[in-house]
Each structure stands twice: as C-alpha cells, then as structure tokens.
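These notes open a run of structures that come right after.
The following pair of complexes shares a single chain, chain A, combined with chain B in the former and chain C in the latter.
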Partner chain A sequence: MSMSKLKSEQTLTVVTLTLGRQTLAIPTRFLREILDPLPVTRVPGAGSQVPGVVNVRGSVVPLADLGQALAIPDVGQDDRRRFLVLDVEVAGEAATVAVAADAVHEVTTIDTQTIEPVPAAAIAWPPEFLSGLYRGTEGFVLLPDLGQIFSNLANRPQAVPL
Partner chain B sequence: MMDDMGAIFREEVRDLLESLERGLLDLKARPGDMGLINQVFRDLHTVKGSGAMFGFTELAAFIHEFETVFDRIRSGDLAAGPDILRLALAAKDEIPGLVEGLPDPEGQRAAILQGLRAIMGGEAVAEGQGAGADEAPVAVGEGPSRLWFRLTGAALAMGARPEIVLDELRGLGATQVVADLSDLPPLDRLDVEACAVGWAMEMPAGVTTAQLEEVFLFVDAEWRLEPAVQAAAPVAVSAVAAATGPATGAAAPAAPAGAAAPAARADQNGTTLRVPAERLDALMDSVGELVIVEARLTELARQSRDPALMATAEQITRLAGGLRDATMTMRMVPMRSLVGRFRRLVMDLSDKLGKPVNFSVIGEETELDKTVIEKLADPLVHILRNSIDHGMETPEERAATEKPREGLIELSAVHAGAEVLIRLSDDGRGIDAAKVRAKAVAKGLIAADAVLSDAQTFALIFEPGFSTSEQVTELSGRGVGMDVVRRTIDSLRGSIEIDSKPGRGTTVTLRLPLTLAIIEGLLIEVAGERYTLPMASVQEIVELPPEKAVAEGAAEFLDIRGRFVPFLRLRRLFDCAGEPGAAQNVVIVQSGEVRVGIVVDRIVGTNQTVIKQMSKLHADVRAVSGATILGDGSVALILDVAHLVGMGRASGEAGAQMREMAA
Partner chain C sequence: MRLTIKTKLVATFGLVFALWGVSTGLAVTYLGNSYERYQETVERDIPQLMTLQDLATRSKEERLTLSEILIGLPNAPETHIPRLEALLLERAEQIHALEDQLAAQTTDPAILDLLARFATLHDDGEALMERIKAAEFAGDGDTANTLYHQELAATGEEILLVLDQIETIVKNVVVENENTTAADYYAARNTMVGLFALSALFALVLAGWTLMALSRGLKASVAMAAAIADGDLRQSPEVRGNDEIADLLKAQRAMVEKLREVVENVSGAVRNVAAGSTQMASTSEELSQGATEQASATEESSAAVEQMTANIKQSAENATLTEKMASKSAEDARASGKAVADAVDAMQTIAERIMIVQEIARQTDLLALNAAVEAARAGEHGRGFAVVAAEVRKLAERSQQAAAEISSLSAATVRTAASAGEMLQGLVPDIEKTSALVTEISVASRELATGSAQISLSIQQLDKVTQENTAASEQLSASATELASQADALAEAIAFFKVAGDLGATAEVRAEAPVVKPAVRVRSAGSRSSDGGFDFDLGDANDDLDQHFKRSAA
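Moving on to the complex of A and B:
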C-alpha cells in the first residue's frame, strides 16, 4: 500500500500492537479477529517468516511472523501474546493469514497527514515492507505494507529442497 | 419455471451435441456404419424436437434441414462423404449459438444450409404439413367412455411423443389401449415424420374433457371422446405395451426418431437426476465439516469412557463415512465427457496440418472427481496440440522412416490405487533431448554444464517461456501452454512425467489424485509432531531393525523380502530436535513404480482426512501437499508422497545426498 493511497483518506483506523520493542499499526479493515494464541503446527522447511499453520475456526491458516520480515528483534513472549487474523491479498488472491503479536493495545484513528515516509537513512527496517510511520505516544509506530510482505513471501524462491 | 426448463433443455442439448459430435467423427472413420448414421439422426431429431417443444423454432428449422440430409443417408440415397461430415460438424457448431439466440452476422448458418441443399441436389426439402388440432369436445356421460386420438401434422417432428401421451392417459385410468392402424400407408410411402397410428382406449367414468384437453394441450392431435356403447373395435389391433414410436414396427432396421430418445428421456425422468454443480460443492463442504466434527466427537467420547456416548459416536462415524462415500461418488465423472472435444481437436488439427492421425482412447469410463476433470481439459488440449503440431511428422517424413503414413495418438486413463494415470502417447518423432538442453541453456534455464537425466531434461519443457519449435505456428509453439500445464497439474496435487524415444514417440503421463476433498489417512508421529500419509499410497509398515536405528552417512536401504527399498528418516528430513525412542517404524509408501520407506517414531492410526489446501505462503514447501484438522482441533500436515518418493529415489540413486538435504 503506497503512501499516496494511505493519504487518499482523511483518517485511518488502525489496531496497534507490539512486536519485540517496536509498536506497529495495522489498518482495521484487514483485521478479522484477535485470538488468544492457538496451538501452532510447525511446517518443516517453511522458514522462520511463516513458520507454521493454525486452525482458525476450521480453516487451516498460515501463521506469519512479521517481526522476522521487518527485522525486529524478538524479546520473548508472555501471556499478553495474541494472534491477529487478517484478510489480506497475497500475490493477487484473497487470503487469510494469522500474525502473532507480543501484545495488542488499542484501536485508534489517526490523521493520515501525520503519516511520514520511512526515512531513507533508517536502515533498521527494510523500507520496501513499510508503508510509512507516524509518531505515537511512545515513539514511532510502523505501518507495515502487508501486501508487499506477504506477496514477497509467497513468491520467495524455494529455500530448502523439502 | 420457463428458465428452469430452458436450463434443462440447454443441458440436454449439450449432452446431445457431444454425442452428435462423437457420432459424426466416428462416421468419418466408418462412413457406412448404419448404427452411427442412426445415432446421428436420432440425436439431431431429439435436439430438434426438444427445441421446438421449448420454443426454439429457429433452431428447430435449422436442424430440420440438417436432419433431412441424414434421413437421406439413412435411406441410402446419399453417402456420408467427407463434405457432408464437414458441413455437419460446422452445423453442429452453430447449434449452441442458436440455442443462446446469438445473431449470425456472417451468414454462417445460411451458408451451411446452402451447402447441405447443394449436396442434396438442390431439392426442396419436404416439410410435414402442420395442421392445427382438431378437437371436438364431447359431453361426458356418467359411465365409462371411449377415447380415440391421433397425432396430426408435424406433431412428431415437433417433439411430441405418443408414448408420453399414452402414459398420461394411463395416469387418468385408460385401459384396453389398442392401436388403430387403419391409416397406415404402405412402407414405401411412409412418412417418418408423420404419425400414421391412432389409439383407442377405455377411459373410466368421471374423466372430464378438461382433463383430456390438458393432456393434449401441447400436442397437435385430433381426439374424440364418446360414451362407450360397446367395444368399437378398430381395424387392426396391436397392444401398445412397449412404448415405441409408431413407425418402429414398419421401418424396420433403421430405428426411427422416437425409438432411442424415449429411453434417454425415461432415464432422465426415472433414474438420473441433474444437480447443479454448486449444490454438490456445498454438500461436499458440509460433509467435510461433518467429518472433522465427527473426529472430534469420537475423540471426546473416547476420553469420556461413557459407553452410551461411545456407541453413539461410533454410529455417527459410520453414518458420516457412508455420507462421505456417497457424496464423493456423486462427484465422479467419466473421462468420456472430456474425450469428445479431444476427438474434434485431433481431427481439426490433423486436417489443418495435413498430418493424418488415428486417435484412440482407452478407459473412457474411468471416473475422476469433477473438479479434476474440469481442470484437466486445458492441460490435455495443450499436450495433444503439441503432440500433433511438434511430435507428429508429415506423412512424407513418416514414409521415409518406414512408419505408417497415419500417425497414432493414444489417450488412456486407468485407476492405480488412489491415483488416476492419464497417458497421452504418440508415435511421432520424439523429443530431441539435446535440442531441449541447448535451448534451456540458451534461455538461461540451466547452466551449460548441468548434469541432467533424460527425464529431467524433458521436464524443462514445462518451464515458463520454453518452446522448442523453430518456427512458431498458429497452433502452438508460443512458449505458453506447457508451463500452464504443469501449474494446473500441480494445483491438482498431481504430477507429470515425460518419456520420449527419438524417432519412436513421446508419452506424457499425468498422475492425478482421485479426489481433492477427503482421503483415508495414516496418522504418524515424529518427535511429537503428527503428520498424515495418504493411506492409498501406504504399502506396508515394518519395524526399523535395531541395527539401523542410528543413521549412517550413506544411502540407507531396507531389505523388504529380498528387495532393497531406500528409506528416509523424517526426523532428519524435518530437522526435528531430540532422539528417537527405542522402536521406530518404517512406513513403506509407493508412488508410480517406486517404493520408499519413511521412518517415523510412532503410528497413531488411520483417520478420515479432509484435505485443506496450504496457502500460497507455503507453496514452496514441497514435502507437504496439504493439511487436515484432527479430532483434537490441531492441524496435521499431509505429506506429499510423490515428492518423498522422489527424494528417496534420488537418495537411492545418488547415495549420500540425504545429509545435505537434511542440513
């Protein structure tokens, strides 16, 4: 999702969550539900970005680790961990994907004018996977570009001969 | 209501057109076959009749001329030459357009009819004279009455069937039905379009004129009802027991219009039901959910140790199993439904390219899930096209290599376990492995020094953007298609193999699962993780001999009754932590001709596996073909046996690759 598309609306409603020490915001229109952590079935050879699958109400849904895609260091989990079930587009097709969050905070509406492009100098995050960022109460909040992240994952070359 | 009827008619037409096309194509090979000629005539007649019945008058008129030609062929006045067949096929192609009411801007239809007329020597086409119904309402008395009727004018041509009228009358209580043959003309003057037979019968008291009017509402017929004085016996008497068309007895070996059609219709009315595909899909979804819930219930019942609950759960299991099997059977469609269009394609291509081809089909009755059949059409068309366009030599080239002038293409479909093998083989020039290789190197698909087996080389054909033909023809060779073939087959969880001998021909084998919905699975456990293997591919389960408990570096084999079977350790393959327990099991699985052992920690048991597709995010995980939800709600991955067997075979052939793969 490009900056200009983000800014085509006056406001953007997002759900904020923490991964490691980083706060992220995901537009609520992608959000289907927030669940307590589900048992994860590991998919051998799938790599760390989409390490497994979970059973979401009878559907087998891939579980993605956004922290891996965005290079956010893992600092461990506690009982605030949640799964967000998202309806997104993966390589041109509608798909349901679960992402793990170390904590989910709130649903909030932000003014799109406050969204800034990712500074080119910010080498900490892969810029191609971010739509932008804005200043929250406790530092920067990243807006991950979910379409980019998932499509990139779907098209990645075969990593292992499994 | 009328839309429903229209839909039924369209369905019926589609079937009839398939049969018609098959008939015409077969006629090309056996021009004098009376059976085929009759079949074509019957199909045409039924389309025309039903069309007229549903108000497709333009269609009926169009087919009428077409049919007249076949009537002439039937009577021996004309021979079913290639010109006629070409026109007939072209005419057949116009029928869907007529049914849909599409315009004919280029005057195609008129041209076809013109051609047909020219063949018939410009003779005017005899038309049955349509006469209106001639009714004489008669007051009905208290006692039983006598009914007499005869179909008039073009009633038969318009699709009326005396046996249906008779059935309806029987429904009203008609008894002592006798045929009135008084107006039957001599055989040489018999008009098959007209109904020369009348019927008389006793109607019980209380049957009103209004009821009879209803029976004759859609039929051109004359009828009269009179009080039964005495049995006014008609001239000749023959019981109408078998519901055959009136002319059947007279025009002996050539079964006329109505004869076969009623059987088909009865079949439709009585034993076969058309169901929209979406309803079957919805049913299948529900059955899938049911099977998952059933597994959960069984698990809970087992934990509860309540005998009553366990007994109920067992019953549910049995019922769900039955329901599942019935649903799956409903979705099975024979290959035949695909083959028709292939015949046509082969004929058109071989005409166009001047390469005579004999196309034979084995296993038309082999059934596959309808989803598989639907998706299979395009890949097979691509392969077939390639085979004729690239694989087949010209007759001259063939003659030079002492092959028969006519090429041979064979399509076969057979069941093999839980798979269907579809083979398309030709006796053409084969694939030149060196050429494929050179091309792949030029296109940067492989390194110039890559070591590839023949099978691996041929598989390059399915790479996107690959095309070996030196000249791009209208038909194939644009480099699109073959990669689509592989994508489609992959999406069906199938695999594709090419075998080719230079100068001898090429065989493409598609391996497809019987169904995409529910399979019987063998649940296994490795390092606390559970996986499912399709039961149909499981050959046997043996214990891993203690001396093999620890992995050796080189390729590992088991001695299964004197045969060496390579095996894979799932723990190692899947990078599992920890050490295996004392007793490990080996599940011997088979794909194609190859058997491979899979070492697991524990066999959990068999279960109904409702297959859920893996998302695109896991499309690169080749060892897993899908996932299923177990009774406790957790997800178990379904292992892709073909892929594992491929790996096992590779390890058997190449020795020590396993360590690298596991790393």
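Moving on to the complex of A and C:
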C-alpha cells in the first residue's frame, strides 16, 4: 500500500499491536478477527517467516511471522500474545493469513496527515515492507505494507501458495 | 699375759698354799719320824724294860723261894718242901721263858751278849741252888747256908748287875730316841715358823699390792661415779693397767661418753622441742583465730545458702510454671501453624478464583477488541458500538488489572503466610525444645533445691565442727604453752649434766682459741722478720700484739 493510497482518505482506523519492542499498526479493514493463540501445526520444509498453519474455525490458515519479515528481534512471549486473522490481497488474490502479535493494544483512528514516509537512509528494516510511520503516544508506530510482505512471501519458492 | 686381779689373787693364794703345803709336808714327815720312834719305844723298849724287871723279880723270887726251903718251918706239913721245890722249878721255867722273850724282843748285839751272860750266870745259880738244896736235904744246913749267903748271893748280885747293864743300854736307846725326837721337833718348829713367816710376808706383800691397786682403781671409779651423780660428764680419766678395775673404768668412761652423747642429744632435742612448742603455740593461736573466722564465715555461708535454697525453690516453681507455659506455647504454635496453613489454602483458592476472573476479563477484552474491530469496519454506523466496545474494553482492562493486583496480592499473602507457617513450624520444635529444656531446668532446680538443703545441713554440721575445731585449737594452744614450759623445765633438768657443749665449756673453748692462733702468727712473723727488720703495719688490725692486749684486758 503506497503512501498516496494511504493518504487518499482523511482518516485511517488501525489496530495497534506490539511485536518485540516495536509497535505496529494494521488497518482494521484487513482485520477479520483477533484470537487467543492457537495451536500451531508446523509444516515440514516451511521457512522461518511462515513456520506453520493454524486452525481458524475449521479452515486452515497459514501463520506468518511479521517479526521475521521486518527483522524485529524476538524478545519472548507472555499471556498477552494474540493471533490476528487478516484478509489481504496477495498478487491480486484475496487470501487469509494469520499473524502473531506479542500484544494487541487498541483500535484507533489516526489522521493520515500524520503518517510520514520511512526515511530512505534507514536500513534497519527492509523499506519495501513498510508503508510509513506515525508518531504515537509511546514512540513511533510502524505501518507495514502487508500486501508487499505477503506477496514477497508468496513469491518465494518455499512459500506456501495460497 | 693379762695381769688381772683374779690372776693376782690366784697367784698369791697359790704361793701361800704352796708354802703351807711344804710346811705341812715337813710337819707330817717330822711327826711320822717321831711316831716311829715313839712306836719303837713303846713296842720294843718298854717291853724290854718290863721283861728286865720281871727277870730281876723272878731271880729274886727264886732266891727267896730257896731261902724259904733253907729256913725250917716247925710242924711243917709233908707237902711243904715239895711245894717249894715245885715253885722253885716254876720260877726257873719262868726265867727261861723271859730270857727267850727278851731275846726275841731285841736285835741289839750288846744286849744279846749280856743276855747270854745272864743265861750262863742263871744256869750257874741253878746249879748252885741244886747243891745248896742237896746240902740241906743231906742235913748239912751250915754248908747250905754258907753257899747260899756267899756264892749264891754273889751270883745273884752279878745277875742283877747284868740286868742293870741291859736296862742301862735300853734306857740309853730310849734317851737317844728322845733326844733325836726333840731335835726333830726343834728343826720342824723352826722350819715351820720360817715357812709361816715367809708365807705371811708373801701374803701381806701381795695382798697389799693387790689391795692398793684395787683401792686406787675403786677410788677413781667412785670419784667418777660421784662426778656422774653430780652431773659432771666432762671428765674422761686415763685408764692404766689391764685388770678388772681398768675394765670397770673403761666401762664407766664409755658410759660417761655415751651419757654425754645422750645428754647432748637430749639437750639439743629439748631446745628443738622448746622452739617447736613455742612455734606450735603461736601457730595454734593463729589456728584458733582462723577457726573463729572460719566459724563466722561458715555462719554467713549458712545464711547465704539458706537464702539460695529459697531462691532455688522459687526458681524451681517458676521453672515449672514456665514449663507449662512453654507446653501451651508449643500447642498454640502448632494451632497457629495449622491456621496459617488453612489461610494459605484459602488464599490459593482465592488466587484460583481470581484467575478465573482474570480469564473472564481477558476474554472480555478480546471480545471488546474484536467488537471494536467490527465497529471500525462498520464505519459510520458502527461508531456508537465502537464507543460501547471501548468502554467494555476499559472495564475489562480495569477488572483484569484489579484481578492481577488481587492475584499478586494474594500470591504475596500466600508467600507471606507460607513463610509465617514455615516459621511457625520451625518455631514449634524450638518451643518444644524450650519446653523440654525448661522441664530439665525444673527437675534440675528441684534437685538443686534438695542439694542446697543438704548443703545447708552440711554447712550447719561444718559450723558445729568448726566450733569444735575452735575449741580444740584453743586447747591445743594451751597444751603447746604447757609443752613449752615443760620443755623449759626439761632443759633446766638436763642442764644438770655438764658436758663439753655447755656454756662453760664453750667459754673455755673461746678462751682457748686465741691462745692457739698467736703461736702460729708469731712463727710466721718470725720467718718474715728473718732479715733483721720488721713490718710496721698499723693497718693490720688482727696482728698478734692486739690479741695479746685483748687477752690481758680480758
């Protein structure tokens, strides 16, 4: 999702979540539901970014690790861990993906004007996976480019085709 | 050879007895000779004389009978003349017998010659008498008378003369015997008197010598005994000689030496006893004082021990009470432990319940979040629902927060209670141990009370004993004083004996000591001044001249 597309509307409703030490924001329109952690079935030969699949109300949904994709170091998990079930487009096709979050905070509405682009010089994360960032109450909140991330994951040979 | 008194006496008596023996032997010899001569006189000479007398008598009777025949008797019986003839024959027979007897009695040749002549004369006389008788019977009376008066008378005279000669010879023998005996007697008397005088002289001299030696020794012995009786033990006389008196003196001297030694020992011991008894007196006084102090100390101890006994009894009672309290505390602690355990259980139950609440709150939160998501997706229509969802979520969060707080609080409480329980559990054995110890203390203090009562009793006995000791030590003190006075009395008594170690003797020794020293010094001074000069030394305070001055001043 490009910056321009983000700023096509006045406001954006997002769910804020924590991954490692980083706070991310995911637009609510991609979000189907938030679940307690589910048993993960590991898929043989899967990569570390998509380690396995989970059972969401009878359907098999791949579990993606955003931390691996965004190179966010893992700092451990507690009882605040949640799975977010997302409806995203991957390569023009609708797909359901689950991502793990260390904590889910709130549903909030932000002004798109406050969203800023990721500095090009910043090489801490792969810049192509981020749409932008904004200044939250507790530091910067990253807006991941989910289409890009999952497309990338799908394109990879070992990625599970959806 | 040892010349003892016994030897002397035996020698003296032996000598005297020997002289007496010689004298007695001589006397016996002389007496024997005299006896032999007397025997000779009595057995030989006197019978000879008697026989001679008989011969003379018979001869005269023969002549007388013949004269009776010659003288006529008027109216004479027929038997008158025959009877006279028979008588005449009988007389002649008797004379022959007497001749033989005399011849047997003598061996003297002179007497035998005279006797032979007498026999001849007698035979002549008999023949003459036959002729006279025949003349008479023949009636020639005148011839017969003439023969009788002339011839027969001459023969008779001659016979008597011969007999007188024989008698004279015999009497001479007797006189000679008597003279010899008398000479023997004088010789024996002189010899015996001489021997007696000699033996008396010997006896006197030897007895005097022995008695003088005896007397001298006995005098010395008596003097020594008298000196010992006076208590003078200093003398030790020299002993001369080798007899019993010398032995006695030696024994006395040994006795004196032994006595001196004993007396010296006794006086030393008496001095020691006196010193010891004085010291003992002072010591026993100190002892008495100490015993008195001990008695007072013992009384104080007795009082202290009685107080201690009371305190110990009180302690025992307190210990018993403490024991009961400790047992109760242990029970209470156990009960408290149980209560705390119950509380911990309750808290854990509460924590579990709170978990449920927390889970509910979490799920509510999740539901509210999902509701918020749904509301957001509903857009403008869902705005009101979003507000409700937010509120629900806030409530859920608050309840979750409160539940978390309660959970943490209850966990802390559980920890605290568990710790308290553990501490109480740990406390129980300690309290039980304390209870047991207090029980032991109680028992021990009861025993202590008994023991202290016994100690009190013992101290009372000790007090009694100490008082007795005090009395005894006072008595000892008195006895020691008495002993000291007795020792002084003994010292005075033993001072009766004068020995060389006494004061007088030591004074003599002191007086004698400087006398010996100068002799040596003079000699040394002389050897030093042999070169003619002398050392004029005023510094030497101990020279001989000073000593002389000192001695003359003293």
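Note that the second predicted complex is superposed on the first by the 156 of 162 C-alpha atoms of A that agree within 3 Å, B and C clash if a C-alpha of one lies under 4 Å from a C-alpha of the other, contacts with A are read in each partner's own complex, and residues count from 1 in each chain.
In this section, a contact is a pair of C-beta atoms (placed from the backbone, for glycine too) under 8 Å apart; a residue touches a chain by one contact, two chains touch by 3 or more.
No experiment lies behind these values; they were computed from the predicted model shown.
Undergrad: Both complexes share chain A, so when I overlay them there, do chain B and chain C fit or clash?
TA: When both complexes are placed onto chain A, chain B and chain C end up side by side without any clash.
Undergrad: Return first, second, both or neither, reflecting whether A:97 touches chain B, chain C, both chains, or no partner chain.
TA: First partner only.
Undergrad: When the two structures are overlaid on chain A, which partner does A:48 contact: first (chain B), second (chain C), both, or neither?
TA: neither
Undergrad: Does chain B (first) or chain C (second) touch A:33, or do both, or does neither?
TA: In the superposition, A:33 touches chain C alone.
Undergrad: State whether A:13 touches chain B only (first), chain C only (second), both chains, or neither.
TA: In the superposition, A:13 touches chain C alone.
Undergrad: Going by the contact rule set out at the top, does A:113 touch chain B (first), chain C (second), both, or neither?
TA: Neither partner.
Undergrad: After superposing on the shared chain, does chain C or chain B touch more chain A residues?
TA: B
Undergrad: In the combined three-chain superposition, what is the angle centred on chain A between chain B and chain C, taking C-alpha centres, to the nearest 10 degrees?
TA: 120
Undergrad: Examine A:79 and indicate which partner it touches, taking first as chain B and second as chain C; both and neither are also allowed.
TA: second
Undergrad: Give, as a whole number of angstrom, the minimum Cα separation of chain B and chain C in the superposed three-chain arrangement.
TA: 20
Undergrad: Which residues, counting only chain C, touch chain A once they are in their complex?
TA: 362-363, 366, 369-370, 372-373, 375-377, 386, 389-390, 393
Undergrad: In the complex formed with chain B, which residues of chain A make contact?
TA: Touching chain B from chain A are residues 39, 41-46, 50, 53-55, 58-62, 64, 90-91, 93, 95-97, 150, 153-154, 156-159, 161-162.
Undergrad: For chain B, which residues are in contact with chain A within the complex?
TA: Residues in contact with chain A: 289, 292, 529, 573-575, 612-624, 627-629, 633-637, 647, 661.
Undergrad: If you look only at chain A, which of its residues touch chain C in the complex?
TA: 13, 15, 28-29, 31, 33-36, 79, 82, 104, 106-107, 109
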